[in-house]
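Below is one structure, written out as structure tokens, with a few remarks after it.
Which chain is which? They are A, B and C, in the order written, and residues in each are numbered from 1.
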């Protein structure tokens, strides 16, 4: 990157380090932090949406509620890593199969030929002609979707609990005013449930952050992937910057990153909680009222 | 929503027009020098990358490299996420049942033991190998106690830090490491011939692609360019065609 | 029946007993179920050891975090922050490296790089931090009246803690603690996945599941088997913790006993 980096072997100390830390590989490593943040930013609302759907379903009439409760119970009962290991391929095959059915009705060959999973070329996702960034984007999308499905179940559990925590009297009052079921749900229940849901959702956000090191299982080149790759022993034959086993230092950097990230999240979420409880009929809201009065 | 539908439609149109010159996606691990690794710029590099590019040029194919974890490299091939595997993968009967291979582009080689000293106990001691490799299977069958790691890198690290008495891996993967170790590591025991050489993995249904690449490998074997490449990456002692 | 032979050969394979070589070809469903089940022994071992030992450290850390003296409070807070604020995946990795370098200095640390001890220690600290936070929260919400009543009876010091504070804390914390136990068992799948290597093909359920996924090149059979095992374990934990919960609340009139309702705020995982 710097002009003096043409012959790293001749450098030492800080100059060497500044060249080493700005190789293309390191740039990819720094970029991977962005990937992780982007994934979190997209996954969180999506998981919330899955959670909302799951929780609403679990409250619904019999057959629908089984679906909702089954979704919550199964995903929560199984280690997330087990899902990560086969969900991506499963989702990918499912999408391609659906597209295959839609786009190639005349296809006469079986989709499973022995071990091979073959759909018509038009149904491939992404198309084999698509540029590399589309492939990477699609892989990223599958990772987001997998995360959202898994953590959506946790969110559903939180929201389901929160919906039940809204005082019954509120719902009864709404019914007494002649609000329909839909109106009661959207205008009374949903606005009030957030304060009950927030502690659980904050917790879930922390869990989500701490699950991101597993991203490499989903085929995303994340920070763990690069830390492993960069930290490993490098022999002079294949690099200008040979070094010993430095994985420890790279993982230390990751550790610090995660500690800072969770700490900042905690502070921000505390503030949101304080905002939300303002004027609410909960113990925390009561404390705030007293503190303000005194 | 509308824009989304439009773009998909546009993509579909573009696709039908370009079907004739499909891009071949080449899967590799990117963590097994000198076969395949990531260079300082973060791009895939190594013997197989140079070879693969040359094969694609000869077959007049448009190729693109993709990296994938070793563990799931075959499931992703059969699922169609890429079209070939060039990742130092030895041709074995087990793998051949699930995928197809081209002829070998790297002669059947030997796997070797490396220990921290000349008298390291590779026969009955603790031997490290990468999980899900023919080497791991070989050690599991012998008298040594197998200890498995996810990446080849970690297997060598295990010998350096005393976790394992020896590491068992491809001779040509270990050689540059032993040379660079300044006497810390050394080869022990006798090399073991394993596997039927290294070939390019393909889906069983892709017979046309297999023939194309077989022909390209043939032409490289005939005009000696493959041998040149082997010597360039693995040194003079490498077996040649 | 053929399957009985497989069970006899492989049921204790994860501990090193029975057939030495893992199946190499012609994989049957029976083999997959047996071996993955065999691996579950390790998951249950890690989960139980960490949960039982972590429980005591968690109590200490919770009391420490609630202490007035900064000398006790700060270390407890940092302990909880570090273990709850970072991914377990990275903790395993670090622990493995730390034990490796300790081992090169002192011979005592030889067994620590093996999963049975090293990983159990990490899980022990990890669950102690998570449960410590739960217990701390419970300590904070013990009704004032309970403590006043204890004072009125002349209870003080350790006696008051043992008879009043601690049982009340457990009662309040139990639903959240149940959740923590479930997640701890799930987290045991990470043991052989980061840092700690498997020796002589003795691994946990996930190790065998990925072995089969690799050998059969089909992830759609072994991972669902693994999932079913874990659902069974989860149900067992919920049942066992429910029994303890009933015992903790046995003095309450029937109507006031709360079953374990996993409350919205109670979700805690890594």
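The definition used in the following text is that a residue touches a chain if its C-beta (ideal position, glycine included) is under 8 Å from a C-beta of that chain, and two chains touch if they have at least 3 such contacts.
Listed by chain with UniProt protein names: A, C = ABC transporter permease subunit; B = Transporter substrate-binding domain-containing protein.
On a predicted model such as this, the values are computed, not experimentally measured, just so you know.
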Quick check: more C-beta contact pairs in A-C or B-C? A-C
Taking CA centroids for every chain, report which one is farthest away from subunit B. C
Centrality ranking, top chain (CA atoms only): A
Expressed in whole Å, how far the mean CA point of subunit A lies from that of subunit B is 32
If you average the CA atoms of subunit A and of subunit C, how many Å lie between those two points? 24
Could you put a whole-Å number on the gap between the CA centroids of subunit B and subunit C? 38
Give the residues of subunit B that touch two or more other chains, as numbers and ranges in rising order. 72, 75, 78, 98-99
Two or more other chains are touched by the subunit A residues 89, 115
Where in subunit C do residues touch two or more of the other chains? 210, 213, 217-219
What residues of subunit C sit close enough to touch subunit B in their complex? 21-22, 24-25, 100-101, 103-104, 113, 197-201, 210-211, 213-215, 217-219
Inside the complex, what are the residues of subunit B that reach subunit C? 71-72, 74-75, 78, 94, 98-99, 126, 128, 131-132, 137, 140-141, 145-149, 154, 158, 161-163
Subunit B contacts subunit A in the complex at 11-12, 14-16, 18-19, 21-23, 25, 30-31, 33-34, 37-43, 45-46, 64, 66-69, 72, 75-76, 78-81, 83, 98-99, 151, 153, 156-157, 160, 176-177, 179-180, 203-205
Give the list of subunit A residues in touch with subunit C in this complex. 74, 76-83, 85-86, 89-90, 115, 154, 157-159, 161-162, 165, 196-197, 199-200, 203-204, 206-207, 209-214, 224, 247-248, 251-252, 254-255, 258-259, 262-263
Under the definition above, what is the set of subunit A residues touching subunit B in their complex? 23-25, 27-28, 89, 92-93, 96, 113-119, 121-122, 124, 127-130, 132, 135, 216-217, 219, 221, 228-229, 232-233, 235-242, 245
